[in-house]
Amino acid sequence: MNAAWLPLTALATSLLVVVIIFALPEDARRLRTTINLAAAMVKIILVTLMVRRVAAGHEDIFSFQVIGGVDFVLRSDALGVMFAGLSSLLWLCTTIYAIGYLEGSANRKRFFGFFSLCVASTIGIALADNLFTFLIFYEMLTLSTYPLVVHNGTQQALDAGRVYLRYTLSAGVVLLLGTVLLYSLTGDQSFSSEEGLGDYLNDHRGLLTLIFALLVGGLAVKTAMVPLHGWLPRAMVAPAPVSALLHAVAVVKAGAFGILRVVYDLFGIELSVELGVITALAVAASFTIIYGSLRAIAQEELKPRLAFSTVSQVSYVILGIGLFGPFGTVGALAHLLHQGLMKVTLFFCAGNYAEELGIHRIDEMDGAGKRMPLTSIAFTIGAFGMIGLPPVAGFITKWYLGVGAIQAEMYWVVAVLVASSTLNAMYFLPIVHRLWFRSGPAHGKGSWPKEQRLGRFETHSWLLLPMVFTALVSLGAGLFAGLPFSPLDWAARVANGEYLP
Amino acid sequence: MIWRFGLFDSTFEPLLSTHWALLVALGLPLMLGMLAALFPPKRAWPVVLASVPVLASGLMLLSAYDQAGLLRWHWDIAGVQLSLRLNGLSVLLLLMTQVIGVAAAIYTPGYLRLSETGPLARWLWPLMGVVLSALSLIWLATDLLTLYAGLELMGLAAVGMLMLSGKVAALVAGMRYLLLALMGSLTYLLGVALILGHWGRLDLQGLAEVVEPGPVAWFAAALIGAGLALKAALFPLHAWLTPVHENAWTPVSALHAALVIKASLFILLQLWSILLPDTFYAPRVIAWLGMLAIVWGGLLAWRTDSLKTLVASSTVGQLGYLMVAFPLLLGPDIAPLPRALAWEGFWLQLMGHAFAKAAMFMAAGNLILATGESTLKGLAGTSRRLPLSLLVFGIASITLMGLPPSSGFTAKWMLLQAMVISQQWWAVAALLTGTLLTAAYIFRMFRYCFDETAPRHRYQPLAPGMDLIALTLALIAFALGLLAHFPLELMHGGSP
Amino acid sequence: MMTMLLALALLWPLVVIGWTLWSAYRAPAAYQSYFSALWLSAAWPALLLAYGGEAQWTMDAWMLGGEWALNSLSRPWLAFTALLWGLAAIHARGYFATEQAKAQEGDQDTQRRLLRLALLWPLTLLGNVLLIIAQDIASFYLGFALMTFAAYALVVHSGTAEARLGAKAYLMLAVVGEGLIIGGFLWAAGEADTLTLQGLREGILVAEQGAWMAALLCLGFGVKAGAIGLHVWLPLAHPVAPAPASAVLSGAMIKAGLLGWISVLPLGDEQISASLAQFGNIMLMAGLAAAFGAALYGVFQRHPKAVLAYSSISQMGMMTALVAMGLVAPEVWPLLWPGLVLFAAHHALAKGSLFMGTSISEHLPRWPLPLVWGLLALPGISLAGAIGAGMISKWGVKSPLYEMHHESLIKLLSWAAVGTAALVSVALWRQWQQRHKGGSNREQWGAWLVAIAAALLTPFWLPLPAGSIEMPPLKEWLGIMWPFPVGVLFAAVGWLLTRPLKGKSLPAGDLWWLYAGMVGAALVPIRRLGHYCAKLKAASVVSAQKTEEILMGHLTRLLSTESWLRHHVSGLMMLLAVLLAALMMWEGQR
Amino acid sequence: MTASFDATHSLDAIEVLLALFLTASALVSLFDRHLVRACYFFVAFAAAMTAAWWQLGAPWLAAVELVLGVGLTGPCFFYALGHVVPGASSPLERDKFSEPWSRVAMRVVLALAWFVMVGAAIRYVVADMAYAPSEHPLLVAGVVIAATALGAFALHRHLLRRLLAFNLLGSAVFMLLAGVAGTSATAQALISVGLLVAWLGSMLGALLIRQLVHLEGVEALGRDGKPEEGAT
């Protein structure tokens, strides 16, 4: 039984919201909020449905022909549903957060419209079943994030937007070329096809390698792999919910997810190993991990530090792919989710500090733990997760990656992991220290840069709740990783699918 | 190649209703234009009403083609052979013309009301009617005489329309365009003279059968090519285009950039495919020029300070996309698959660009009208005040950039695939560079729009529907991307 | 029943935290009591659990799969740990009484510090308890990390510059240690494909690189256990930490490192490979070196708690050596380990009471001085093995060694005990020098007294396997007791000898200063490199901008040819026609 | 297939004269800076064209040429010059724009190339012309005028002169058309359409020129050829 309506509806919900939001007038604030939240709920329900169906062994497919030989296909498979779940869950959180964050500011209609479009694109990316469909939503994502990045309209924001586009559009072109080359070689190649590209190996080895390089190179820009990461720290000028979304779900993850698709579902892991590109990927990822951490240490502002941390952390996913083995795969997939949860928490926190207290620099954070305890606890949880300490979710992925590395006999990867953890500790622990162990304005020493009393609690409750929620989920994802339908469990399910066909 | 243009015998005779539909499609725009000159409409709704039969005729022709396949008409008037044909391509182009024409017409009353247009405004209507009728004729005609007549009619009316604003710059540019267009048609006519002199006939179907490669065909092709290239604003003969658009009224620019220059290109391709079925270098030359056009147009649009120049220069670059496809369409030794891909990609690109460019001109016109500024810097802060116009511009520009899921993307996809298969890497590079350049100038414009720090100024409110019309066109261009299968299938059909 | 007790033991500290937080939020600062009765009870359920008997739990949902157990090893361990935590908590209530009063008067800084301590204390305890009962790697690591990082608050409590230095040293080494541990865990567990400590031990035993895995893990845990080279945080952190915190740090947490060794090393297995045995030898040497070196260095310290810290290092060195015996001479291990546990437990309580004693000597109660000093000395004497549980624990490790004929080691250990005795006497001497009158309250000395009693009576309450520990026979007493007087004598002689060097002493933290210097030196070129890179980047940005400007200039000039094109359209058209015609003619002629 | 001049063989002398006159008047009209005179010569050229059509046996075309060329287009030019009544002076009497030598040289080369090309093309179509070019004097005149007019068109900046050049080119092309394709109905239809277009174009052009002069003065007419004009 094929429920083609399911993936289509999941996508259409978000797109419909976009249309409605753009059609509503700017000051229809309540209605917009209601629609936004309702749609987010509906999408979570739909994704839950998909999860259940996938768990029961059904894969729903929706497709139609675009041109001869190229179809538009949406399919809910385990990997896609995993990403869709992440995006729909975090969409809800981020939407709530954004509503609170943008209270009273201008251009909210535009913001929420493109915000929804952005999420619709990620759903599309998640459910795309061939490279053509994937590309459509991937580029849509690029476009829909641009207005979000430049939302503030300042010179800095506009410059950041320009840099962002330079990177991502060039990458899009490279990706397009790779895709077209692949289609010219093989025709329409579904992600779900069992054959992979193994048949072409003998005659087109060079071409396949080139295609792989183009595809992964194009995707690596969004994944912010060094040296293609330059846009990410700059894009930090965007409002906090955008940064959160950019880092946790949408853009960066879309790239990583794309690489997952290319390696596992398009080329197939065996072929990738055969081509010898996997090790190169692992090396590049390792370099990115270390480089990102080193740069993060040098940052003096909170958001850029988090940005470089993202640069480093997302490559864990790529590293997991590079380990070529079930453990590495599980680690990669789980980290896709875990990093999303933890990073979104951290960015929510950063946004809260900036909104409530005007804190942007790290040395302004002294003693903020007293003024904003919940935010600071959430930040601490996120930071510990990034370091990879239990019981936060980050530990789980690090464990799987490390074990995967050992089983793949890539011992140096463990060294990279340990080094990265240490570096992470080096740039996160001082912040935690400042939050809790230094006295600052909350103790009558100096004053906050720009304090506002936004709510009854330490800050506006719309800002607080999503953050607490994601922090708890990242904690729970680590503590109860063994539960069914936990991120780890689902990742293991996907990996089983990849390795035990 | 020739069968793709429907130059073969039809199986069925057209029905009586089809005759009428044809008459309406060709004549009604002209009639309505005349009528509107007498009673200029002040509101949009009469125009909407009047456009219903026009669109209906197009749809009837579409259904007629759907049922009967290729249709032909043939007349012999005092020894002069005139013939028309209706195949999938011409139906598509006809519908495109009607939709864009109708959109421009509906847009016009609002535009005229809001801008100070002067006493010449009423002449816009008949000229528009002439242009639309002439265009319809060109898509359908299959003899060189009708084509020539249509081309001239369209060209003169277009020149007239473009100069209606009466500004000095418009007059200078219009005069230049007039002289060049006339010169181009004379060159074309010289080519036709050679054909007529050598083969003694002007009907394309007959010519397709008798033409054999030889000096006459080559000279005729060269002359026709040069003349039509001038009229189609192909690089490097494009330079008259931007000043013309710079000063023209918005609906006029929309019509001109979307349709008028495409007609010349259509004729060029159609005649070359008859005259030069197997020539290697001539299409290559066009393609090389096309590569330059992509870069040049992109650079021009990138560095300009005027919004309309940006839009107009982008036309130059976009025509380059079509030009680089020439070797795939005309050259020898192209396998059937890439040729089919290129063929479909070419027309999809042409149609997508037509809709998008019309929408873009309207959106740009709206922005200029509302802000009262025609420079990019004057757009600062429009993202807040004129979101819809900007959105339309954005959707249209997605098509121009060729980003998914627009028709520009699908077309580029097909062209790229064809080029990859036939290993024309330079063309691939040009196409991809074009994407980046387009993005560069589009987002340069958006950069100004998103600037929130600029001082606010008062905006003139737009007439209702002006944005919606543009939005409709932009959405059509956009939707053709994923729904490309339906129009393209129309072009598949009717192969002998 | 046991499960409920377990849940209680683990959740109770969280309840305590929640309650403390809640009351801090609710009660006004003037009535705020940070160390309520509930707070004191944080460790009690865990203590109860230790006496509840053996049990095992498996939880699939927990992290990577939870496996917890109370067995013959973890029960006594949990018992002495929980007991010490409980006593230290009571002591803390007394110790912080003045600070609390200050906080109630409205000193914000004190309020903050006390609240922080009151919240993180149970959390540290929780980590400690969890790591003891954990039998799977993830839980163990969780407990270990929780304890390590939460204990930072305990060290840094006073917030002085020294405290910050000590805490910094603690944290830095802890991070290094965590890194080593996770590296070792990943390696070993990856090779063995296991998630439990049991599997890990087996994996290390059979793995080709087992010795290296063991080395990584041992170094990692060595940070906590104060292994030589990694011990530098102890003498820096202990003097600055509050006395109850020092008590648990040196008594309970330091033992977590030891437990880590015992948990991951395949001790006592007959099939130990040569390389592992070799590693055991190195560990043995390191342990003995620590035992002697710390004693030698420690006697020159001025601060009594620093002296005690070196004593801890020295004692841990002895225990290191004993653990190493499990690798070097596997056959001795089954007999040795109960003695080692007793040794550890006794050291925990004795060192705990010694550290609590430092707070007593700073606030001497109005008791006869000899009584006080006698009580202060008691755990020290016991530690040196001269009386009470110390004697029994010495015998507990000596007798198996005797049986297996490792007399040389016994001798060395005895001489190490001399060092201990010397250190303890120096510590007491320093305490005497820095004594202060008055102020110690009931909780303070009550907990201290109980701790002394518990230390002296360790074998009687420690739930070790029956019959594993016995009193030393009378003829051995001398052999066990002699180091104490010798040590005191040494200390006295040493004091006399070093009198001329008045006021000069070695800095606490010995190698730390070397490390700090080395790292500082290494950072100089790195910083320079960083600056150079930044400069390079700035320069390249400038030059890129300049290039862009130039290019844009060229481009503008290039684009001005557009007007040329415009004026030559007709000419160009003629050219195009001629060109096309010529080209086609040429092609046709070929 | 090939067009033939068979019927007019006997009248070669008249044809040659006509051709010569056409060429001469076209050249004067193209290159005389005195614009009123140039326009007069254009009218004369149009009259000669009427004769030529008559001569070629196309009375219908002759009539059209007479009406459109002599009767309507000519006055258009005078109107554009503001020279409606003969003898009145006009500010537009002389073309005062000057072109650099390079431009002139380039145009000359282009015109020559164009001449060669058109000539060659005609030669291929009219196969016997290769052997006796003098038998087709009107064709030769057509080629000459076409090339020259195009060259002049590309060379001049003055809008009126360009308009004149266009008209002359048009006539030349029609002549060539008639020359190679005879005066069949189709050719006549083509030429009629062409004449009509030429007239409409000239009229539009004349109106524009008047308007431009009215708005901006004489200088505006030469703006098109000034290279230093801004990019937009």
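Per-chain numbering from 1; labels A, B, C and D assigned in written order.
In this section, a residue touches a chain if its C-beta (ideal position, glycine included) is under 8 Å from a C-beta of that chain, and two chains touch if they have at least 3 such contacts.
Chain identities (UniProt): D = MrpA C-terminal/MbhD domain-containing protein.
A quick note: this is a predicted structure, and the numbers were derived from the prediction, not measured.
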Original post:
Expressed in steps between touching chains, what is the minimal separation of chain A and chain D?
Top reply: 2
Original post:
Most remote chain relative to chain B, going by C-alpha centroids?
Top reply: C
**OP:** Averaged over CA atoms, how far is the centre of chain A from the centre of chain B? Could you give it in whole Å?
**Re:** 42
Original post:
Once you find the CA centre of chain B and the CA centre of chain C, what distance in Å lies between them?
Top reply: 77
Original post:
Cα centroid separation between chain C and chain D, in whole Å?
Top reply: 103
**OP:** Could you grab the centroid distance between chain B and chain D? Build each centroid from C-alpha atoms only and quote it in angstrom.
**Re:** 31
Subject >> Contacts with two or more other chains, residues of chain B listed in rising order >> reply: 176, 179, 183, 214-215, 219, 222-223, 242-243
Subject >> Residues of chain A engaged with two or more neighbouring chains >> reply: none
Subject >> Multi-chain contact residues (two or more partners), chain C >> reply: 559, 562-563, 567, 570, 574, 577-578, 581
**OP:** Please give all chain pairs that are in touch with each other.
**Re:** A-B, A-C, B-C, B-D, C-D
**OP:** Within their complex, state which residues of chain C touch chain D.
**Re:** 559-560, 562-564, 567-568, 570-571, 574-575, 577-578, 581-582
**OP:** Spell out the residues on chain B that touch chain D in their complex, using ranges where they run on.
**Re:** 78-81, 144-145, 148-149, 152, 156, 159-160, 163, 166, 168, 171-172, 174-176, 178-179, 182-183, 185-186, 189-190, 192-194, 196-202, 214-216, 219-220, 222-223, 242-243, 246, 304, 306, 309
**OP:** Would you mind writing out the residues of chain B in touch with chain C in their complex?
**Re:** 176, 179-180, 183-184, 187, 213-215, 218-219, 221-223, 225-227, 229-230, 236-240, 242-243, 276, 279-282, 285, 299-300, 303
Original post:
Can you name the residues of chain D that touch chain B in the complex?
Top reply: 1-3, 117-118, 120-122, 124-126, 146, 150, 153, 159, 162-163, 166, 169-170, 173, 176-177, 179-181, 184-187, 189-190, 193-194, 197-198, 200-201, 204-205, 208-209, 211-212, 215-216, 220, 223-224, 232
Original post:
Okay, in this complex, where on chain B does chain A touch?
Top reply: 340, 344, 381, 383-384, 387, 391, 398, 403-405, 409-410, 412-414, 416-417, 420-421, 428, 432, 435-436, 439, 443, 446-447, 450-453, 481-485, 488
